[in-house]
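The two complexes that follow have chain A in common; it is paired with chain B in the first and with chain C in the second.
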Partner chain A sequence: MARVNRPVSRRQAWWLLATAIAASLPLLQHVPLWLSIAAGLAFGWRAALTWRHWRLPPRWLLIPLVIAGTVGVFLQYRTIVGRTPGIALLLVFLALKLLELRAARDAVVTALLCYFLVLGQFLFTQTIPTAMLACLTVLVTTAALLAASDDRPAPRQQVYRAGMLLAQAIPFMLLLFLLFPRVQGPLWGIPQDRFTAVSGLSETMSPGSIAQLSQSDAIAFRVRFNGAVPPQSQLYWRGPVMPSFDGRSWRVAQTLAAYPTIPYSSTGPQVDYEVTLEPHGKHWLFALEMPATLPADSAMTSDYQPIAREVVRNRMRYTQSAWPDSNAGANETRAALRAALALPASGNPRIRAISAGWQAAHGDNGAAILAAAEELFNRLFLTYTLNPPLLGPDMVDEFLFDTKRGFCEHFAAAFVFSLRAAGVPARVVAGYQGGEINPVDGYLEVRQYDAHAWTEAWIAGRGWVRIDPTAIAAPSRVSSNLAAAVPAGEGLPFLARSDMAWLKELRYRLDAVTNGWNQRVLGYNPQRQRDLLASLGLREPDWRSMTAILSVLSGAVLLVLTVWILRNRQRVDPALAAWRRFTARLARRGIVWQAWEGPLQFAERATRLAPQHGREIGEISGLYAALRYGPHPQPDELSRLKSRIASFRP
Partner chain B sequence: MLATLRNRLHENFVRWALRVRPPEPAPIVLNQRRVYVLPTPAGIAYTSALGVILLGAMNYNLSLGHALVFLLAGLGIVTILHTFRNLVQLSLSPGRCEPVFAGEQARFDLVVENPRPDARTSLRLFFHDTPPLEIDIGPSATTIASLGLHTEKRGWLPMPRVTIETSWPLGLVRAWSYAAPDLACLVYPLPAAKAPMLPWSGDDAQGTTREGRGVDDFSGLRKHQVADPPRHVAWKAVARQQDGPLLTKLFTGTAAQRLWLDWNHLPDTMGVEQRLSILARWMLDADAAGLAWGLRMPGARREPENGPPHLAAGLRILALYDHGAR
Partner chain C sequence: MRLAELDAILGDVNRIILGKERPVRLAVACLLARGHLLIEDLPGVGKTTLAHVLARVLGLDFQRIQFTSDMLPADILGVSIFDRGSGAFHFHPGPVFTQVVLADEINRATPKAQSALLEAMEERQVTAEGETRALPEPFFVIATQNPTYQIGTFPLPESQLDRFLIKLELGYPDAAAERELLAGADRQQMVAKLTARIAARQLTELQQKARAVHASAALIDYVQALAAHTRTSPRWHAGLSPRACLALLAVARAWALLDGRDHVLPEDVQAVLPGVIAHRLRPTDDSSRTDAETIAATLIEAVPLP
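And then the complex of A and B:
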């Protein structure tokens, strides 16, 4: 068996350099600077080697470089497993592999490394632009692989051939994508570095933490309602509940899942919807207040907050229902109520004094104290602003009586403080409020700037009652949106502004496309796959039936492709085709053309047998002979031959 | 041990794959039943890489990672078809094969015809153990692949089984086929490096009418003709007059040019091959000297004559002496 291991030619080296650059450029922003520079130097060295016909660097130089690169990656990340270190290592290997392109085998290894790096890009983002960039990289890498076995065609031709091959691979890709039995990952532990920079709510809330989120127009989640969309003022998406307060920041309770099902009952109508949640690296799931059902693999905390069993690492889709008019916790535990009354021993004397007055006047009538607190907030003329002044140690007092300017977290914190000081259990609820319907696809988009904080107070006999103190000062925040509530001139994210309608329209379209991509392509998971097969009429689809369908359909595609590829495109010479028509006509008259006869010889015999057509036969045979065997066939001869044969009636 | 077993298995496979007993009737069409496809080492590496990418995509729930793997898997399937197509439906027929002397390279010409209107790229042809010959064939074109093989023994050398393979376009799979076209090379005996003088004085040389005194009887010069043997060029005369025409020395004595090369004149102590090789040397020398020579062999005889067809016939007799008919 002949093993051809030819040395790598210059053209092949250029191809491999191009594909290495295409594969590593999108990753350079994720690896340390020194590695980017080192990779750039290696690429430059490779280019010089090829350009100047230099000799390849010797092994004794490359091996220390590989070791140095590996050690460098280890020192940078203190590990060599995981997403970023793994990609950094691949980049080291790729850069140095380029410097030892000796034989065809090295070219294949380089191309395979580039395919790996394409996967590496997807670890960071899977947006439409990333996908398009990845297509480009795959195209160049495939062209390089083509060049590795035949480097003679020009680059354009090489790319064209790679494109043709990939185009033929697309039917298989679609089939496999839809029908290959999917497994829900992870298969093994995912290193923690996967979600380092996702924005969203956190476990704590201090002044400014939600205002910071209001600068981001990233999507937090999308919602599709089955039926009418509830009014804006009811769209409270319950997130982390924060009962504990240390004088400055609020914090979620260290509670685990308490209820496997909904611990309260319904009063009033039910709203059904589906949430597509962006990954946020936390356990909680956002649900319209109050949740009526729990998604699969989730439970409810003692604060009535749905949490997933696993941290939300991937975009997640769940169906939910809500009872907008229900209250939870009519029979709340003593421990929970005690926690909802805790205050620091000192601080904020002015509000404490007012609260003490309410308690003296109304005793344990929670509803009356609540009304008094709302009245106070209404009377103080507080301003809702994105740029509140900094506050000192007595922040509630300073906010309510001195600066009077704050964002939702100031309002919520002050309100809860005042109620607790008056002996009414209360707590802060973080989450999102509102959202905007994308007119293009009808999804309600909830963005980071919709992040909000409100409060709930426990009233005996009713349970936890939601009060949004921000709505007291700035009703439009709740009834319409953020832009309507903050004073003009405050820096708002682009999409939160209400002007620039056409740009907004464009952005909506873009978001709808992104949502379609997220829902259909990125969100295609085992569940979706089962749904798809069920909608095709397959009851109880399992991996066996999927594999069977996949095999049958792949076989069909393969057959079509095989027939198309192996089809015999032997084009018959048009003169010969015309000649065959002519002989077929004569054959009907019993004058059969023998394969060994030349055209002129045949004409002679045919004329003898059918003398009345002698002139036509002679002319046709002469034309055919000239076309087939003559040195310079004239183009008009063919058309003449065709017309003569068409009118030939023996 | 293991290598022997592998060779045996390989040999059995080839015999099964060829099905008909070599040599095969021409033209040999490589139809789909005799073209085999298996992944190359690069293809195995590619498949393993896809497996690793798939695991990564599953583990991190990367939808686009799945798409990438599936696209590359599709590419792998498509390249099987293309590689197969690059080889299938080729037609091989035996071409010429010039006789050579033992020890030289025999060149077997194979006529490879591509009936399809698409080019065939990077086809490799080789005999077992010989370096491959790489050819391309244009759309609906024919190419002659000239395969070299080292010769050792005189006689007919049948063309060994040819492997024709390709891994175009991606080098991930190899399609190959075997063919045993009906072609043989005539191998002449190796001419002896040192041979006795040409046998002038054959006593029993019948019909020898020795006139004149010998081969060296120089009778004059004439203008050189292409057919004149080079050793008769009057080099001294040429050297004397620069830019002059080449001149050929003429010799007298026709008897001197009638020469019998006789098997029986060689001593019995010599082996058959040695005698044949001396006879071959004599023939070449006599031919180069432009002499008419005859050959007497056990069971064969050629009247004295001159010229290339005569030389070829004589060498053929030597090549096939006691060799059995082909």
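And then the complex of A and C:
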């Protein structure tokens, strides 16, 4: 093809610059600043080249630039493989490729690089806006690719043509999406830098850590119940359990036994539900207390916390059951109980004195001490607030007797401290409490501001008993939500507030759409694919038969298209078809027929360029002109034209 | 097969109008296509001579009307004057009653006078004082106009411009042609010595021949593609009208006949395109005073042959 050597026109250069900018803009936030600036300079250079008709930079300048860019990426990341370094490298190549747009070949390469960069966006986020932006960029890139082969149509027409092409590709896209054999796990599993900071609960809890989370209305997870939704006050989503206390913060146990199954027996009714958990960078899976089953690829710690084998770095979905009424740990190990009694040697003398009084009065009657502690918390008139005052070294004493203002972590910490000081094993449980039903799609949405901390006390004969000391001071936190519990005027995230109903409605709709996207598009995993194929009558297909189905279906679509195209081709004038063969032959010699050129005019020009073939060219062109435009074409003229062209060897 | 009489006509004209083969050829094609010709150019480049020569070699009567701003329709069409001898009104035909009319500086006259001529051109007859009189056959108007940016002009409206089949610009001759002109014999005398190459009847036959030149389906597709492009492109205010397409085809046929072909090629359409479309397409970008050739070239290169 001689066409790949055609020079790039100004219009094509503008198209490619536009698509390069569109493809790289969303990625600039992920690459280092120096690279963004360098790419911007290259784009500016390209614009100047086109605008001012400057000469392209020479090879001896471009090659060092490519090397410098690659070395820069390597120095930045100490590697050139992986997600971000790879994208950075592609960006370097794209920016420099724009500076050597010599021929149509370079234009095509640039457009293809842009497609790659669009794909690169999905390595970072896979949200609906990303997908929409990607569609738009693909549209522009396709229009640029079309312009690379024919730059005459106006920009609007190019975009229209690109849109039509992409619309025609949609059936193929759906076919591939639904039937291409799926692999377990995320599509873009690039391990080392896949994950960066996401908000959520951490392994430690100190005063203020959960209050901080209450400022975020990001979704933590979504739940769909099979059957009735349990009452709000039962929605305790168990997260990290924190038995160890250093006087300031609580943390999860360092070493834990892990059980492959549920280590306790059930009582009461069972609640079934499905959780779609947003990535949070930790191992734990949130489950309604107490879990009755374990999701696939997970285990249960000895403090009854389901944990995933892999850190949750991708949105995951698991089905779960719960027994809201069951108590676990009736025969708890001595080591665990000892850990649940440990306190720092000194500090908080006032509460220690009160606890010692309870122990003297009730001995080892845990239930009675628990009742005494609840009575104390009730009597102190503590205030539940998002803005508790700062506390000194004796934080339990100061909270209970001086400031009397705290958030759930203050309550939980003080309650556990008082029980431990009275000799009752107790521990802090972090997690989420409550959640809100999205009226649009019926999913229970649990957000970061639903983060909560409560306590568990071990009572002989009953096992671990859940007590929520926050509920003693602010019962509405548990029975309704955060907004009902905190005093008016405290800054709450927008969605946690109860006013501005219409905005909330809008937000609910958006969340429902996002959830639909997550469930149906991003959550289309091997299991779902098997379900779909089963509903189509294919039971348990393996990847081989799926590949076969895919090939047969794509083959059928291609066959239909080919037949359709061939039928249309028959309408082409045979003389025109012969003429195209003739011009294609000359094009290989660098004599390119312009689509608007009349046959005799072309013959004249071609003869000037290739005088040795002048006679043949003139004859063929004359025959063609007479056949295509003459009044009474003779059938033998067509065969003569065909044979002349067949024997034409430029 | 080239027609000897046409070659002879072109040869005669080109001997007097030097270095203007293409405009001359277009003017003859316009005549063969039974259309009228508009020449927009500065004074003194040979407009009148061209009209004169054409009339002579074709053996046609010739009249010249100099348009002025105080001109009345009667000055063109003629008046009825009371004849005392016969006691009746007698019609004195105006200068328009001739076979070749040179309407000089048509845009210096008021629209009223302009439209008198333009109506005569379209109808090929004149209605004065309730009586319709046919104009001679063949009837060929060569109008000249000063560039419209000059002072004291009434620009022809687009609808009137459309009545001219072709608009030409003669332009200055190149140095060699001009030298030959300056060194050569007096043009006036040369014109006077010219003899008719054909009779009026033969001209009518040639016009019929031009109309019979074959335009294949592929060629009509091409004309339609050109028109369609002008209609959708943002480059022009309005696209080519069906009348403009007919004009394009008619001139292309005459052009093919001049080339001795019995069928029209895309090259013919492209060759006559500047003359046919330049006064019918108004660019949206008024600031660019692009000439007819450039406009036509842009259009040609934007439309592939079907």
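Note that the second predicted complex is superposed on the first by the 530 of 650 C-alpha atoms of A that agree within 3 Å, B and C clash if a C-alpha of one lies under 4 Å from a C-alpha of the other, contacts with A are read in each partner's own complex, and residues count from 1 in each chain.
As a convention for this text, contacts are C-beta pairs under 8 Å (C-beta built on N, C-alpha and C of every residue); 3 or more make two chains touch, one makes a residue touch a chain.
None of these values were measured; they are calculated from a predicted model.
In the superposition on chain A, contact is made by A:598 with chain C only, not with chain B. Touch criterion met: A:118 reaches chain B, while chain C stays clear of it.
Look at A:561: by the touch rule set out above, it reaches chain B but stays clear of chain C. Within the superposed three-chain model, A:513 lies out of touch with both chain B and chain C [touch as defined at top].
Of the two partner chains placed by the overlay, only chain C lies in contact with A:631; chain B stays clear of it. When the shared chain is aligned, chain B comes close enough to touch A:525, but chain C does not.
Legend: residue contacts after superposition of the two complexes on their common chain; A:132 is shown touching neither chain B nor chain C. By the touch criterion defined above, A:573 lies against chain C but remains apart from chain B after alignment on the C-alpha atoms of chain A.
Taken together, the chain A residues at the contact with chain C in this complex read 152, 154, 573, 576, 594-601, 625-626, 628-631. Residue ranges on chain A touching chain B, taken from their complex, read 1-2, 4, 83, 104-105, 108-109, 112, 115-116, 118-119, 122-123, 126, 130-131, 134, 138, 142, 145-146, 148-150, 161, 165-166, 168-173, 176-177, 180, 182-188, 190, 194, 313-314, 521-525, 558, 561-562, 565-566, 568-571. Chain C makes touch with chain A in their complex at residues 214-216, 218-219, 233-234, 262-267, 270, 300-305.
Within the complex formed with chain A, the chain B residues making contact are 41-42, 45-46, 49, 52-53, 55-75, 77-79, 81-82, 84-85, 88-89, 115-118, 121-122, 124, 126, 131-132, 140, 163, 165, 167-171.
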